[in-house]
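Before anything else, here's the structure in question.
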Amino acid sequence: MGKKSEKKSKKGAKSKKRRDSAPLVRIGVVDTMFARYDMGQAARDELAACAGYGDTFTVIARTVPGFKDLAVAAKNLIERDGCSIVVALGMPGKAPIDKQCAHEAAQGLMLAQLLTSTPILEVFVHEDEADDPKILASVFENRSRKHARNAYWMLFEPEQLRRRAGQGVRQGFEDAGPLTLR
Amino acid sequence: MGKKSEKKSKKGAKSKKRRDSAPLVRIGVVDTMFARYDMGQAARDELAACAGYGDTFTVIARTVPGFKDLAVAAKNLIERDGCSIVVALGMPGKAPIDKQCAHEAAQGLMLAQLLTSTPILEVFVHEDEADDPKILASVFENRSRKHARNAYWMLFEPEQLRRRAGQGVRQGFEDAGPLTLR
Amino acid sequence: MGKKSEKKSKKGAKSKKRRDSAPLVRIGVVDTMFARYDMGQAARDELAACAGYGDTFTVIARTVPGFKDLAVAAKNLIERDGCSIVVALGMPGKAPIDKQCAHEAAQGLMLAQLLTSTPILEVFVHEDEADDPKILASVFENRSRKHARNAYWMLFEPEQLRRRAGQGVRQGFEDAGPLTLR
Amino acid sequence: MGKKSEKKSKKGAKSKKRRDSAPLVRIGVVDTMFARYDMGQAARDELAACAGYGDTFTVIARTVPGFKDLAVAAKNLIERDGCSIVVALGMPGKAPIDKQCAHEAAQGLMLAQLLTSTPILEVFVHEDEADDPKILASVFENRSRKHARNAYWMLFEPEQLRRRAGQGVRQGFEDAGPLTLR
Amino acid sequence: MGKKSEKKSKKGAKSKKRRDSAPLVRIGVVDTMFARYDMGQAARDELAACAGYGDTFTVIARTVPGFKDLAVAAKNLIERDGCSIVVALGMPGKAPIDKQCAHEAAQGLMLAQLLTSTPILEVFVHEDEADDPKILASVFENRSRKHARNAYWMLFEPEQLRRRAGQGVRQGFEDAGPLTLR
């Protein structure tokens, strides 16, 4: 991780234009037509606000029909497009069959990670997590952004994760916090 | 994707007959004897109506006994027959055991995608999605056609998918649309 | 598929004994000690009645303890014994744990297919599909035979499958037929 | 299978000590600390009573913490220790979460078989198969022994399995027998 | 296993500093921000108390967002960081969807083990295993430590496991002990 930006620095002395011409680390963002909120936009907005955006790293975006199509798209973002991590966003519906499909989609994302040895952050918002559309929209926005930030941390600031180990950190809703022992 | 048609254009100068003789992009369509509607025909009809049919791309069709046989057939359409994407169509029955079999069939299609790094669009119509046979038939026809169109878009017009990201697009029934926030 | 029989014809001119000495296409049949009906015998009987039996193709049979042992046995029939397709026959019992085991066995058969790119027809008769042992026996016999015939068709007469696409074809019980739209 | 013992016979003429020095076929036995009965001992006892024990074949034993650790241990018994078959023994507990863990453990054993193309006999005794500890102990003993015997048969006497095809053979409890048709 | 420490001893004669400079066996510990207890700390504390810590073996630690991210992180600890075994710690929440996610996470850990042929000890504490936070904390602490110890035993003292085979050993709560037969 961060390998490409290291290479870049070595080449730095040779060229003033290195920031423009050297290959950037790539973060993949894949979303669906099926979801009822533009989760990919939220994730891309968050990444655009991270340090080094467009300079150290860039974002490659794809849209697929539904969440079962995310896994192979994420795998191709890694293998063909050279992404170092992928944020995969989808919305399982309310019906029982949707739950089963979400399970299959999640298994696919797990397998894609293991076949590529590359993290893919699964960002699923279940349509029935909230009845109020405004609350649901805030879950979509918050979870998509938080996981996009996690992807950035995993590549560039792993100490952010280490210092939060076991702290009951959540995405979409409030943090649960660590166990209260008294 | 679209690689074969690119090769074709390079050869274009050498031969007036290139449209007939050059290799076309291939879209696979695999369906079952088990389903109670000719889903493969619907998918092929839709593809035949897409721009470039028979010229830029062609369709390879297979029929297998049941939906559990779709995955390996789709994999072979990709690996042996050179398809760039596959539409896999099946109808899970009403009994609980059918639900479990559908789950296994879907896992197989997921795995086949990841082993080939090629999208396979799962088009399943559950026999109990509607009681009225006419409504059910329209679900069969609509979902098969919509996913065939999605396959075409994924190969040739990915911007069609990107512009519909997060819009609650559905196949088989009406689009759900994006969340209504007021 | 059918590759071996093609090789045979090329050698045909050289020897009158080619039918006896040339390698035949192989169909694998694997069954279990656990099942309460000799499903393997039914499948082998059906194959013995297919055109070309012993001449164009032959049958290789194996028996394993239970249905969870079918997958690796089928894989070895393909990889070590050169089978071009396998019919895998088993009987899940009545208890809830049997259902879960059947699921695992089916996942194994799916994976074995995808790892070998070769079809394995799963022929499972659930012990609780009928209370009357005579009816259950007829399900065992009919489903085992029908899927053995499907295996034969897949190798030698794929047009038999194509012409039945979407026709609600069943094994074990009566065909459901296509949707009745009026 | 049995390859190593064949090699041994060829070398037989050269050395009187061949029984001691030639490589034996290896049967792996892996069990857990979690189980409440020494299933591995039962399996090893049964194998020690099989013809050729210590002469044609030998047993390699491993113990892991729980049943989810069986799969990778069995895979290593095959790949690193050269076992031709493995008997994997474990006891899923009574709680619902134990059932799910058993499912994951069983999926792992299935995958380990398919990745190695080598049979691994899953011998699971569920803690709630009997309330009476004496009956449960007899299930542990009987099933562990019967599957150890099956492993032996699969390597050295496959005709024992073939002749019992479809006979409703069980391990742990009484055989169910074939369907009674009158 | 223990290979690296063997290499070290061979080099021993050449350098007085071998304990500092030779490569140590590595045990990976991966935990999550999601968990409400610092499970990784408990595991690392236990390993630090094992014989040879810092001398024969060392510990490599990683933190990921949630338990679904453990599998690929564990795989990379093995493949990129050279760990001989990994302890993967997480806390599935109380909601039904959390159970399904835990299942997917566990399947990923299983697959990661089989793809690397290396043990990964899954240490999951379910948030609903106890209502009292103090009891739950003790489960977190105890299970994390016991499995860290198991990892150490698997690498350096396998006889500790063998002697406890079938003894109903548990982590988190009291040992169940072997079946009481009278």
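Should a chain be cited, it is by its letter among A, B, C, D and E, assigned in written order, with residues numbered from 1 in that chain.
What we mean here is this: a residue touches a chain if its C-beta (ideal position, glycine included) is under 8 Å from a C-beta of that chain, and two chains touch if they have at least 3 such contacts.
Small disclaimer: the values here were computed from a predicted structure and weren't measured.
Rotation relating subunit C to subunit E, from a C-alpha superposition: 145°, rounded in steps of 5. Averaged C-alpha coordinates put the centre of subunit C at 27 Å from the centre of subunit D.
Subunit B and subunit D have Cα centroids separated by 44 Å.
Counting partner chains per residue, subunit B shows two or more touched chains at residues 103, 107, 111.
Each chain touches its two ring neighbours, and walking from subunit D in the direction of subunit E yields D, E, A, B, C.
Interface residues of subunit E facing subunit D in the complex, by the touch rule stated above, are 99, 102-103, 106-107, 110-111, 113-114, 117-122, 126, 147, 150, 154, 158, 161-162, 164-171, 176-181. By the touch rule above, subunit D contacts subunit E in their complex via residues 31-41, 61-65, 68-69, 71-73, 75-76, 79-80, 93, 97, 100-101, 103-105, 107-108, 111-112, 115, 133-134, 136-137, 140.
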